[in-house]
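First the structure, which I've put down as structure tokens, then a few questions once you've had a look.
All chains are identified by letter, namely A, B, C and D, in their written order; residue positions are counted from 1 within each chain.
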Amino acid sequence: MCGIFGVFNSKEAASDTFYGLYALQHRGQEAAGIVVADYEESKKRAVFRFQKDFGLVSEIFSDEDFEKLTGRAAIGHNRYSTSGSAKLRQNIQPFSVNYKSGHLALAHNGTFTNARQLRSDLREKGVIFQATSDSELVLHLAARSTAKKPEEQIFDALSQIQGAYSIVILTDTQLIAARDPYGVRPLSLGIKKQSDSNADCTFVLASETCAFDIISAEYVREVEPGEIMIIDRMAVKTQEPRSLYLPKSQKRARCIFEFVYFSRPDSIIFNESVDKVRRKLGKNLAIESKIKPAEDENYLTVISVPDSSNTAALGFVTESNKHNVPARMELGLIRNHYVGRTFIHPGAESRELKVRSKYNIVRGVLKNRRIIVVDDSIVRGTTSKMLVKLLKEAQPKEIHLHISSPQIISPCFYGMDFPTRDQLIASMLESENDKIRKYLDVDSLTYLSHEGLLNSVPKHEDEESSYCTACFSGSYPIAINGANTDKYENDD
Amino acid sequence: MCGIFGVFNSKEAASDTFYGLYALQHRGQEAAGIVVADYEESKKRAVFRFQKDFGLVSEIFSDEDFEKLTGRAAIGHNRYSTSGSAKLRQNIQPFSVNYKSGHLALAHNGTFTNARQLRSDLREKGVIFQATSDSELVLHLAARSTAKKPEEQIFDALSQIQGAYSIVILTDTQLIAARDPYGVRPLSLGIKKQSDSNADCTFVLASETCAFDIISAEYVREVEPGEIMIIDRMAVKTQEPRSLYLPKSQKRARCIFEFVYFSRPDSIIFNESVDKVRRKLGKNLAIESKIKPAEDENYLTVISVPDSSNTAALGFVTESNKHNVPARMELGLIRNHYVGRTFIHPGAESRELKVRSKYNIVRGVLKNRRIIVVDDSIVRGTTSKMLVKLLKEAQPKEIHLHISSPQIISPCFYGMDFPTRDQLIASMLESENDKIRKYLDVDSLTYLSHEGLLNSVPKHEDEESSYCTACFSGSYPIAINGANTDKYENDD
Amino acid sequence: MCGIFGVFNSKEAASDTFYGLYALQHRGQEAAGIVVADYEESKKRAVFRFQKDFGLVSEIFSDEDFEKLTGRAAIGHNRYSTSGSAKLRQNIQPFSVNYKSGHLALAHNGTFTNARQLRSDLREKGVIFQATSDSELVLHLAARSTAKKPEEQIFDALSQIQGAYSIVILTDTQLIAARDPYGVRPLSLGIKKQSDSNADCTFVLASETCAFDIISAEYVREVEPGEIMIIDRMAVKTQEPRSLYLPKSQKRARCIFEFVYFSRPDSIIFNESVDKVRRKLGKNLAIESKIKPAEDENYLTVISVPDSSNTAALGFVTESNKHNVPARMELGLIRNHYVGRTFIHPGAESRELKVRSKYNIVRGVLKNRRIIVVDDSIVRGTTSKMLVKLLKEAQPKEIHLHISSPQIISPCFYGMDFPTRDQLIASMLESENDKIRKYLDVDSLTYLSHEGLLNSVPKHEDEESSYCTACFSGSYPIAINGANTDKYENDD
Amino acid sequence: MCGIFGVFNSKEAASDTFYGLYALQHRGQEAAGIVVADYEESKKRAVFRFQKDFGLVSEIFSDEDFEKLTGRAAIGHNRYSTSGSAKLRQNIQPFSVNYKSGHLALAHNGTFTNARQLRSDLREKGVIFQATSDSELVLHLAARSTAKKPEEQIFDALSQIQGAYSIVILTDTQLIAARDPYGVRPLSLGIKKQSDSNADCTFVLASETCAFDIISAEYVREVEPGEIMIIDRMAVKTQEPRSLYLPKSQKRARCIFEFVYFSRPDSIIFNESVDKVRRKLGKNLAIESKIKPAEDENYLTVISVPDSSNTAALGFVTESNKHNVPARMELGLIRNHYVGRTFIHPGAESRELKVRSKYNIVRGVLKNRRIIVVDDSIVRGTTSKMLVKLLKEAQPKEIHLHISSPQIISPCFYGMDFPTRDQLIASMLESENDKIRKYLDVDSLTYLSHEGLLNSVPKHEDEESSYCTACFSGSYPIAINGANTDKYENDD
């Protein structure tokens, strides 16, 4: 997964992008970069400047960098990856190139499912790839397009690409945004108006709207599935970007896992508040739950795994109380604020130390209690297992693990970094709830049902199959390059 | 403020100390260090090894470092300081020196109130100071003591020192812990027993017990005010350290602000769970609060300023409900996980950007609601003001700010890093609640009363005046070097 | 200018390349890199590994790097450049890419004179360039060739390129060396035989043979102008590489300035010892010189500008004595050993401080003497002027500056980093010897004649116009892309 | 060995010190530091600022550093050490401390022979040492002096110290220089006058005068053995420092090895030009040499080991010719300019690679010739042996090694970093010339005689035993702490 950001017509384009990426840091911690376009009304070509490196946004950029990164348009990228190719410096985005029509810089969130074929075809035609990432394909396809205008070249390029993508592109005079016709990854448009409402505005684009809040921009709408939005000098004058549209796909396939876990609760994605959905997940989990207070208890003690499950746990407690199952939210786990990106310290290979370094128990809250632990999802199960072990040091009477989503049974081929099928706990233990429960060593294990999941997300009446639930269902809406359902790997 | 840690007789003394300091990171982020003593039964002198640097614990130490930091005893220190002297490399603790009786290494949390006089006296006698920190005084006083044993030299040294201190010291054969007779700063003893309960144990010492949890050590008791505890080979055999005792002070003066804000909620300090006290503060705040749900409201919407006020907010909600004032905890503010130690980015001088970088609002939770914001304390007021401004972007109907402690009216001379008196909001606005309320731009402002504060902390029946409440009351239990109540400054 | 190196079939290919680049460091100090090919008999594709960075060879590589850079073939590059484009990380060579036929890595010394046209043509066809350096062109042209074998693709590519180049290329199974048909830049073949003379040998390639000496390899011969030499498993078995040949150019144009200044005196280039040529330059300078000892002198006092002019000065003294003009070599200037690559220190913008930091005078040697200073060449004249000023502090009676080459009157378009024409001292002062003499503030100024220069270098009877003397004569043997004799600049 | 520098009343004191240390870099490459005193006429106390680190001077300081290092007086130090204690950061000089009378900063070249006793005595009195270097003793002794003025405290301190030292000290108002009464290590005074000759001047102090040349200062005289020179505001007004004098020692013991090898040839030390002495050493070597041209030779081919032996080789050639033994200086060895301080590269443990990385042969000059190699000294013999091996690759007919000093038979206890006695080649091979010759694999081996050595250095008629020749003679002029002639080691 990755976070992308773009801004057009800002006096502080690089700084805005820095803060935008900072707010999107959870979408990728491996590397980050900013490309700035310094354009002038009177010139056809802008000067492009960039800085990118491995690490967190706050580690990569220093004050002096911003003195150099001058220009009124910028894009940025946070990279997330655990594959070996993440180690390659040339894979750090945004990519920035010169080609026949000038400059192009691109930042991409998603995965192309026909990348292998496209890459192989281009290679036969003599194309040399610098990076091993799919994202470079867009640039080569655009550079080889016979169209004249950059937006048309990009249209040509994206027409040949299948898969999941949200993209921001800088040309010499434009900021272009695009989403695949399925709408798998989120991308939203924001605006910053001048006090004089008729004056030129600043447009911003971001994977999640938390990136608008940090720079005081207002949310406008999501970039639509299949939309190629062109923001240029005209757009900032009229305060209205123009758009091209890729052919409609049969259906939409918004990633439901963005709501379940990935996005920040304070963001809007797919035109909906993540907080609201996540709370609904908790509520539906409460409705489905069979746990009641024990005879010697006045209420259920509910704790979340901070911070990702806080909202669902709150929803759970509220709904529980509404159904006359008294419940109380407690802080049984404390999250360490200083958990960094890399953790390469003594014994760090031990997952137990990783868990202990991230969480600590509040004994007084847990001791001799029956505890409902609300967590958002279980992938490998190793962290959950260690967390349960840690909780048990506080000597709770019972631990009931409630997951605010169904079992994850299949890998993601559209950009979410899940492990291969056989590393998923549901696969390893044959999806049998009781086997998983025993492995995790809890007194009960409850997953939200598929219905509960789908009931929690907004409906799109006019759209067929609005969400991709492949990780929970195994049903893939976009064809995977020859039906290969092994973990996709770049072939370089 | 600082965090200190010590361990004796561990196969992984340096690694234990690393994790201990990691858990105590909130007590100081400027610099950190570890000193390891590699001693052998048969030798009088240990080999001392150290590493220390500016930065977070996780930035300072790498895997290879631990291969070098061999030895079975260690102490560590997290440094917190905003004064200029913090920039000096030689001030990074632990201090480690050679002297006539061998090696001494020391880590210190606190402030000596007669440091100026002691330093001046020693200087006249020809002593050269390397650091500008008070802590070095202990070493010089011990080195000049006529006593023969290190523990007696340290007793001599501490007998001449007034002020607040919790100290851990390594000698060639011992780990020594000491607390001032007032008991201002916390320090606790922990133990790790071998499976064979008669085998030699490992002793640990830490400012807060969260440092024991991370390395799976058990809490034993606090080091008592005025106690000088000696842990050596005998102690680990008998599982019982021996102690010397400084003359008793008339009264105790435990820092109440450790409970209010500074310590982690999952820690035990002064023999009490911080979580429990902080929850009691919230409860007492609820009892004192006059806010009721409005006519069109079913319940009070309570949000905390995460994460430091979470526990108090929970206590507030619980107690409120108990008193038939329905209240619900909501997540209206999201804390960014990637807020680092230093924040030196574009416009970072602006406190507004600092606040926006740390927190974001969840609009759906706040919009059109009357919000009770529970926060632990107000120092300068600038952060609170910005937080209120940020909350207002979500268009709440009203904001009622509840502080789970009284007004801070006086600086701390015992180690807490408060600003000078005239930078405190209570001083600037003459302690008038309404002036402060208007400045912060909230609909009401409620502080916990002094009685509510004292009622929340454990009583010590046999002790006179168990807590230092100087920051809230202006009454200083330990004389300040000639009654100088200006901000104390080292004179180097 | 740059230095290039290649090795095939060595157990320590990366380490050999490190030492080779270390010996060639004088050819480029901006950046360096090594690419290693880890191939196996049984596999078609090798694993390529690389490391490259800005700085000196000794700064870029550490011990651990060599543990990772495993493989039996390698190429390396030292980059020299003062143009802005040198600051771009992506311009650091060797370039290493994937293309349809596998891997290619390339290191290049020289300049293509039709680069602008080739680049523009390729760009129109949709090619995206990563670097702004010409060298990348070879890779794109090879990747677009319809030939099947890498050596044929490279032949195709080089057939389209005009200009000066010595190139080493790694493919998945071969080390390929190539020189332009004019033979402008040097490139030599070396060999390391095993004690068993029939065993597989190691082949090495380097800009200068000093790179062979450091790794105890033997010099074989130069790679011929227009030769494309292919070293593969067969070649190391038979101890004989095979070659393709580009069409012969009408004439040769070996860079005479390599002999005058650029190459190391301990190297062989163009099949001749640099030391021998440089000594001959000094001898011819002595023959042409009109300076005799003064009446009160027993001999001429000759000093060199260390270390580049040492050999010429020795030749001068020897020849002078042979012609009954007694002369003695003295050490009047001492060269600081610690002059680093970058000199960014207080006042370093001042050329005077640069000269003072590099050289110091030995007063006793110079005071009250008439001094013959032998230097190899004058480019801008600023360093010479400062050196004269420095020498005068020792109060010599007279200073007679003797240059062991003619006036430099024209820029180089084949890779030597001279300034534009109007920054050359000869241009500024209209080539008038006396104006230059006055500017430099010396008592006399003598340049070697063109005849003296050409008489010093080896003859190639069978070759027309064996040397490029464009910098001294203004006559350019290879056409410059539309006769543009302004300083050539890449257009990116 | 170390280099020291001081400057008083300069607008660019830090920058002057940087360049001074840069010129003295050969005296120590391990670490360096600068302390600046920012004093004002009207104030008793100066502000002291410093920067120091491991590495070369040019690596440690950057442009911004000089913006911070403001102040008109400064001292600097280059550290040379191979002992383990060199790895300690706290040993990097100058030392800078606060004490009862203000600030003191000190830089020291030399060794105290009674350091062990002084250290032990002070320690018993309660002194804590920060560094393990002797130099700190001066500061503690001065701080404990009952005298009032810093210069008197320093007099007191030095009166208690035995051994070799040249020292520069900054106080709040003075720059103080001192040399031990034997005058073992060099230290000179220089001056920079303003154009108005009556205006305040700038005074400089340096181990060698090459540090004056680089900043255009003039040499005045050496600081005399036993002199404590005080440079203050009065001194710069009157252009005359005042001095205190330590009791005279019976004799002088200037280090003769400074002339033989250590100092730069362009320096003046002990009031004499090093170039002149070194040339005399070469001349005397020629007089003592028995080598004549062979029958088939017209002249002796003489090469030096660059650059340290260049001057002696020149002297050898000149004198040889004068005695009708025709000889010619040739450049048979080339020194690599890029040899850095540390050489931690593949196979670098091999001395052969070290020698190959530093030197290369010029085959044409050496092949089939009888070669006289002039070198300055042989310590362990390992480098010489490798150099001979390297030379033999050029297939000379014979190699005759001439050393411009006698055999080194004893370690130095006064600061020169020789190995222990049994690592000296002369010790290992029992001083037998022929054994050493065979070990080095040369055709003949000639050392300069003791008489030749003493005849080369200036006489001091009025002084008894002007030079320390202990390394050549085994006779130590200053008592070594209980006649312990093992390698002296600090006891920390």
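Just so it is clear, a contact is a pair of C-beta atoms (placed from the backbone, for glycine too) under 8 Å apart; a residue touches a chain by one contact, two chains touch by 3 or more.
This is a predicted model, so every value here is computed, not measured.
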Using the contact definition stated above, find the chains touching both chain A and chain B. none
If chain centres are mean C-alpha positions, then the most distant from chain A is chain D
Quick check: how many Å separate the C-alpha centres of chain A and chain D? 63
Mind checking the centre-to-centre distance between chain A and chain C? Centres are C-alpha means, answer in whole Å. 51
Residues in chain A with touches to at least two other chains are numbered none
According to the definition of touch, which chains form touching pairs? A-B, A-C, B-D, C-D
Using the touch definition from the top, list the residues of chain B that touch chain D in their complex. 97-100, 123-130, 139-140, 143-145, 492
Chain D - residues contacting chain C, complex: 12, 14-15, 18-19, 22-23, 25-26, 29, 56-59, 61-63, 66, 210, 213-214, 216, 264-266, 273, 275-276, 306-307, 310-311, 314, 318, 328-331, 334-340, 343-347, 353, 356-357, 360-365, 393
